[in-house]
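In the two complexes that follow, chain A is the common piece, with chain B as its partner first and chain C second.
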Partner chain A sequence: MNIVRPADAVVVGVAALLVGAAWASLWGGGGPGEFAQVSAPGAPPRQVALARDATLEVGGRLGPSRLEVRAGRVRFIDSPCVGRLCVHTGWLSRSGQVAACLPNGIVVEVTGGEREFDAVTF
Partner chain B sequence: MRSPSEALGRDDRLIAGFAALAIAIHILEAAFPSPLPGVKPGLANVITVIVLLRYGWYTAAWVAALRVLAGSLLVGTFLSPTFIMSASGAVAALAVLWLAQAGAGRWLGPLGYSVCAALAHMGTQLLVAWQLFIPHPALLKLAPFLLTAALVFGIVSGVIAAFVLSKLESEPGAARP
Partner chain C sequence: MSPATASRAAARAAVLLLAALLLVGCGRGDEEVRHRFMAMGTLVDVTTWGVPRTEAEEGAREVEALFLALHREWDPWGDGALGRVNQALAAGEDAAPDEDLGALLAEAAALSAASDGLFEPAIATLVKLWGFSREETLPEAPPPADEIAARLAGTRPLAALVGPGGRVSGPPGAQIDLGGFLKGVAVDRGIELLRARGVDHAIVNAGGDLRAIGRRGERPWRIGIRAAREQSILAALEVEGDEAVFTSGDYERYFVHDGRHYHHVLDPRSGYPTAGIVSATVVHRNAGLADAAATALMVAGPDDWPATARALGVDSVMIVHEDGRIELTGALRPRIRFRDEAQERGASVRPLP
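Entry: the complex of A and B
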């Protein structure tokens, strides 16, 4: 009996391709395609693409917060809270950056792409 | 009066004998330290593949199930996360072996079966670990390392199984139950 039959070689080849695909997909870096993950109270988090410029309103505990997406970045432009810390955080562009309006319960986090940091604080 | 063992069929003796062999290998492997958590050679897979090719899937399923059960009792991991991982891996490996035999049994040899079983085993264990124990995306980053190890050890086990099978075929009396 032969140790390696043709079908065995095929199986090993396909298996090697699968393992190679796993390497490529999990270690190949993210590439473009960045998102902002917007979490609001009482709603599932949603993904907003940073590629398209937009202004959006997100309802929070105190009222609507307004976000602006421009040139691959995102920021709070207004929020019905006292300190406006979220607005002063400014533009977020790198994966891992977070801006939060805690009184209003809204968190914006940049995700996707190549994540250099686990978290960024100010 | 007949002793209880005389009531056992040929299959029962076969299953018990091969399960004992597989359990011995399982425990020997458990004694070796592993370079990476979750990676072990899985040489007990050799027994499953040999039994599958010589006696069919049903016997192989019994041998693998007994190995997981009795092996975990002896190593002391019964019903622990280790056991759940081991059992789910074995179930997946058996399912894939069944599919492989039903679909391509005429062409496949021990190497092909062994690689299929090893990858199914590792892939399922990863998913189970990710879903049940460590639901963090970083765990999936380990997948390529673990799958590469599974592929290498699957090939090694397959070659060992092929050698043992060819020895058994050249000496038909060697493995009588």
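Entry: the complex of A and C
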């Protein structure tokens, strides 16, 4: 008598598919970023969905920075720093893109989806 | 239970166990851990692969402490080791830096000499005059020409300041700013620290200047090269083993005055921002050298950068010119994939002398 019968093969097949699906869902990606992770001093990072247009104010060391979420992208629109490099950075949409207002201690990173690069040089 | 049923049950259990092991295998140990902090006026990311989270975070926090300590010690205008050397010079005295800074200054002096002064740390008063020495503010206008000339006349090349035994002496106007080198040295030391803790796969990325060791699991580390003055990606590069990728660009810190763009990479010969090259990317094992070389190549300019690359011993270089042309060395060209088909075809190889 065979140890593995046809029904067992089906079980093995389904198990393999489940493993594959779990792998894909845990390690795969969905293209563009889905969230903006907003970090500010003295507060846990906050997740903001990029699917819903919004304007938000985030408190920093110097004062409030303002962020805009529109059409799946996010950007700084105002910050109380001098150089305003954060505002010059412009829109972020791909997973892994970062904009920061260092003087104000605020960092915005696009997360979710598949990050294409492990690091970016500039 | 018949023997056949028992062995079938055992086989099923084995299959389930195998499936469970596969799932466990996905999650443990081989995950990526990222730690981010602010230091040296930039965001620093420490990424590790295959290290349990608690160990990875411990290592990354040590790298953070290291960066903060180096920033303090090597701030040209602070009270750390380099600040004290500058204070002594300004007071007309000789300075005897500690062993660590002494070795660092000797290394920087050698790079300055090898680059024929294109990488020149002894221009701290010039950098301060322009207003690029403070991380949190930007100048509004260029300084007067006579003051620029006076700062240049008041200093001497670093190699002429560093004497035998590491003693530093020179005119009061000779002040040292190791920007353009320190970030590289800090990245090198961060990687060494992680390695000493048994981390074999990691990236230390200090504001877009990085060194990567090992690989990311089944594949090499993927590095994007950002397009100048934009958020988009110009090209991709894969790194495995141990390599640093440093880019110096005219878009990192700059201000606009009367419609003109003034950036933070100053030409030590003229005292003004460099012209002609938008960005220089250098790939080399040594991050300190890659950092200094990227700066020196910007200063060397569109005609002379290959000679400077040769003099400094870097053979993997990509240059983006102000007119949009892209040049690469033969060693780097096959490793770079451009996003844009036209750029992939148009990028040219420039041989080193």
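Methods note: the second predicted complex is superposed on the first by the 99 of 122 C-alpha atoms of A that agree within 3 Å, B and C clash if a C-alpha of one lies under 4 Å from a C-alpha of the other, contacts with A are read in each partner's own complex, and residues count from 1 in each chain.
In this section, a residue touches a chain if its C-beta (ideal position, glycine included) is under 8 Å from a C-beta of that chain, and two chains touch if they have at least 3 such contacts.
Fair warning: this is a prediction, and the values are worked out from it, not measured in the lab.
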- Message: By residue count, which of the two partners contacts chain A more extensively, chain B or chain C?
- Response: C
- Kindly classify A:15 by the partners it touches after superposition: chain B alone (first), chain C alone (second), both, or neither? both
- Look at A:7 in the shared chain and tell me whether it touches chain B only, chain C only, both, or neither; answer first, second, both or neither. first
- Task: Quick one: classify A:71 as touching chain B (first), chain C (second), both or neither.
- Result: neither
- Message: Need the overlap of the two footprints on chain A, from chain B and from chain C, as residue ranges.
- Response: 1, 3-5, 8, 11-12, 15-16, 18-19, 22-23, 26-27
- Residues of chain A touching chain C in their complex? 1, 3-5, 8, 11-12, 15-16, 18-19, 22-23, 26-27, 39, 81-83, 85, 89-92, 97-98, 100, 102-103, 105, 107, 116-122
- Note: in the complex, chain A contacts chain B through residues 1-8, 10-12, 15-16, 18-19, 22-23, 26-27
- Considering the complex alone, what residue numbers of chain B touch chain A? 104, 107-112, 115-116, 119, 140-141, 143-144, 147-148, 151, 154-155, 158-159, 162-163, 165-166, 169
- Item | chain A partner contacts - residues on chain C that touch it in the complex | 4, 7-8, 11-12, 15-16, 18-19, 22-23, 26-27, 36, 38, 41-43, 45, 47, 135-138, 203, 205, 208-210, 212, 216, 221-226, 231, 233, 236, 245-247, 249, 251-253, 255, 279, 281
